[in-house]
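Questions regarding the structure given below will be posed in turn.
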Amino acid sequence: MEIPLVKIAERVNGDLKGDRDRCIRGVAPFEDATGDDITFAADPKFLKKVDETGAGAVIVPRNFRASSKNLVQVDNPQVAFAKVVALFHPPLKPETGISPKAFIGDHFIGGQDISIAPFAVIQKNVYLGDRVTIHPNVVIGDNVVIGDDVEIYPNVTILERCKIGSRVKIHAGSVIGSDGFGFAPDGKSYYKIPQIGIVQIDDDVELGAGNTIDRATFGRTWIKKGVKTDNLVHIAHNVTVGENTLLVAQVGISGSVTIGAHAVLAGQVGVSGHLAIGDDVMIGAQSGISKSIPSGEVVSGSPEMPHRIWLKVQRILPRLPELKRKLAEIEKRLIKIEAKPD
Amino acid sequence: MEIPLVKIAERVNGDLKGDRDRCIRGVAPFEDATGDDITFAADPKFLKKVDETGAGAVIVPRNFRASSKNLVQVDNPQVAFAKVVALFHPPLKPETGISPKAFIGDHFIGGQDISIAPFAVIQKNVYLGDRVTIHPNVVIGDNVVIGDDVEIYPNVTILERCKIGSRVKIHAGSVIGSDGFGFAPDGKSYYKIPQIGIVQIDDDVELGAGNTIDRATFGRTWIKKGVKTDNLVHIAHNVTVGENTLLVAQVGISGSVTIGAHAVLAGQVGVSGHLAIGDDVMIGAQSGISKSIPSGEVVSGSPEMPHRIWLKVQRILPRLPELKRKLAEIEKRLIKIEAKPD
Amino acid sequence: MEIPLVKIAERVNGDLKGDRDRCIRGVAPFEDATGDDITFAADPKFLKKVDETGAGAVIVPRNFRASSKNLVQVDNPQVAFAKVVALFHPPLKPETGISPKAFIGDHFIGGQDISIAPFAVIQKNVYLGDRVTIHPNVVIGDNVVIGDDVEIYPNVTILERCKIGSRVKIHAGSVIGSDGFGFAPDGKSYYKIPQIGIVQIDDDVELGAGNTIDRATFGRTWIKKGVKTDNLVHIAHNVTVGENTLLVAQVGISGSVTIGAHAVLAGQVGVSGHLAIGDDVMIGAQSGISKSIPSGEVVSGSPEMPHRIWLKVQRILPRLPELKRKLAEIEKRLIKIEAKPD
């Protein structure tokens, strides 16, 4: 593929400085780009070195100027670059149609241009919107409703009655709508509490590979618009995750937790049950959250504390043996003084 | 569905106070219940507010009386409520029979009223008891034996020779009988140690979604009667988990660990290899267990310590910078005293 | 099966002391072995007790002599024993051939003696080498290339363009080539960065069950020769894992991390993005790695510190309440001294 720079600038609403007819043949990271590639520079570290990249053109912030390179000036270079990557590498579109090797249950309703691969199982009363792609070996349970432009990767399971919005992606091996972990102690053994709620996933959500999202006991486990999860994330029954919140790999959210909008939970964070995490909260990797966190807080540690305090604590931890020695030494010196006759 | 209250009371061996003919049409949590619903109240927090719920009837402890509500008095309100939920929401029973789209290997023996869904694979010499449900895209390896009333959810893998008891549920995407992580160092590389044991899962076990349970090197990895695991739990080779023990989400148990009966390991706990965890042990979330734990202990932290000490330690951790400053200040004051002429 | 001891000694290049015609009928661990079994003893703890085992023969180090038992002396008893286990329990070889119930896409090229099970999906332009085994319900994406003697267990997903070497095993439920977690902030929401790289897995790698290995944004996520991973391991985009490195269960590696050769990351370790972990590094269980680690270091803790310091720190942590009390007490005594008239 070969696209003149002027077309690229148009695609990203950019201002072009330099050779508008320069032909671009690919995209590459800043360090690896060659003369046929376009790349991007967003932060000062890279902007300083724009003249050193081998790229044929560079996407830069709107106010960046000084360079001998061909520049495309935009509001958000990273987003603009992502759009150009998609231009050169359009997403694979599997053939549309329903494979004769898929299993389609009764009362199926599918929209325009859907694609259902071999050995996918669509159980009863399922609704799929337009341009939905169901990859091989996916299982969709009874009464599931899925919006438009959704992509469900191989070996995903979506269980009965769950609701999936539009433009959702669910990566391979994930499970949506497994039973919540609910058991009533009955002497020494446990009695299962039926889990009769659902999982609702709103528009523009992307779930990583190997996620497990449990259905609610009653009502819904609710993943709101624009949420993105990384791989191997666990979300328990009756959790709500707010709009555009990010859950990084191996995060675990216990039952009935509410997370606000635009929060970021870093890798391997665990959140105890029934807590409320506010909007815009940031939680450092491996933190263990044992209390509710008000909006806007930045916390770390297990149990959590303000991140700025955690930064100090983590510098002191390796010095604890030294502090302990110092304390013993001070006591000895004190005893010496105390022993002095007045 | 509509059930008179007297029938509900009978179902749960309850004593009815109030309108025995009151018709109940559903179940709901305490806060959400309306006049057609039954709910429950077990602890003082809710019992105090029984007259405030909108519910048409409330399941309460045997000794609870004072209320204008219709009451069903029982020994264990939570278990009774779970039974009533199941009354209104009986578990989905997939059609019985073997789908012509399933693959059934040689020498298959199946009991009464089994259900095998499309694209399930039953390899050679498999035995399934009565009323077993195999959901779509499940793989059951050679010589696997499964008891009665078992439900295996979609995309589960059970590998060769594993043994599953009766009334077991295995949620979607879990893997039973993968090879243990056994490699012998051979210079700089590793030589694989064949894993020739099995996984044995006893009666009444329920395993969450995305679990991985490795077969033993020799002998068996053994999940005893009544164990319940949450999602994404890892159990290594040759582990034994005792009766009615709970493993919460993302717990990881290393090889050859033995866990007693009725223990509870909270979320994201890790247990090092070859340890013995006793009966009734409780382990706090994210703990890292590096030593064996005697029966009855309650531990937390990484590495673990008695939980009551951990509660104090976790209050001190954020104050370490302050303690360090205080120590430096005390030393200064000490130096001042030491510097005084006698 | 029955094998004379002399044949076993030959198989492992061992020197035989004792009855060369002794018939061995099985393998067993040291404590459980009976007269028909062979076992092994590698370290002093077991070598001391060689005369106490019930085994008919014992594999021991080359220099070990003193025993009345039949001995097979070798350089590496554990590796030799693993070879003898494989002799008695040869790996199951599924029937070769392509099941008529598998789905094979266009332009498929398969080597000699391959086995493709029912409901496996091989998409377009796939190449499989000789003696490759594809278990049931595996999905192999377009343009995937797989070497010789590879075994892919049930319900594994390998997505488009990924490259798998020879003698690789991938255990059940793992996902290779899911999208990296790459999103560009765009106001309050996120714009997806296309992930156009691949995953490359070199020869002799074994991946546990339930792993998720993301494809690179550009270029490759690279698992080098001889790497072994345990279950539920997460490897993000653009990570490189060096030769013969071990990743124990539930480890999570963030994007663009480079790990050297022959490192060992214990269970539940997390590594932050863009770090370099050197050769032969050892990282203790549950550690949280926030800085690059030079080759040869042994670290533990979250955040990490030298392991020898961590051993001291973890002994002090439960004593923090006591240290705090001591500090308060010392201050009181100091105040008393300060209060004295000169």
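Order of writing sets the labels: A, B and C. Residues in every chain begin at 1.
Simple rule for what comes next: contacts are C-beta pairs under 8 Å (C-beta built on N, C-alpha and C of every residue); 3 or more make two chains touch, one makes a residue touch a chain.
The structure displayed is predicted, hence computed values, not measured ones.
Counting only chains that touch, the fewest steps needed to get from subunit A to subunit C is 1. Summary of the copy comparison: rotating subunit A onto subunit B for the best CA superposition needs 120 degrees, to the nearest 5.
Interface note: subunit B and subunit C, two copies of one sequence, contact each other through mostly non-matching residue numbers (shared numbers fall below half of all numbers used). If each chain is reduced to the centroid of its CA atoms, subunit B and subunit C end up 26 Å from each other. Touching two or more other chains at once are residues 119, 137, 155, 173, 210, 232, 250, 268, 286, 302, 317, 323, 327, 330, 334, 337 of subunit C. On subunit B, the positions that touch subunit A within their shared complex are 27-29, 32, 76, 78-79, 81-83, 85-86, 89, 91-92, 99, 101, 117-119, 135-137, 153-155, 169, 171-173, 204, 206, 208-210, 226, 228, 230-232, 243-244, 246, 248-250, 261-262, 267-268, 285-286, 302, 314, 317-318, 320-321, 323-324, 327, 330-331, 334, 337-338, 342.
Here subunit A touches subunit B in the complex through residues 103, 119, 121, 123, 137, 139, 142, 155-157, 159-160, 173-175, 178-179, 181, 183-186, 188-194, 196, 210, 212, 214, 217-219, 232, 234, 236, 250, 252, 254, 268, 270, 272, 286, 288, 290, 301-303, 305-306, 309-310, 312-313, 316-317, 319, 323, 326-327, 330, 333-334, 337, 340, going by the rule given at the top.
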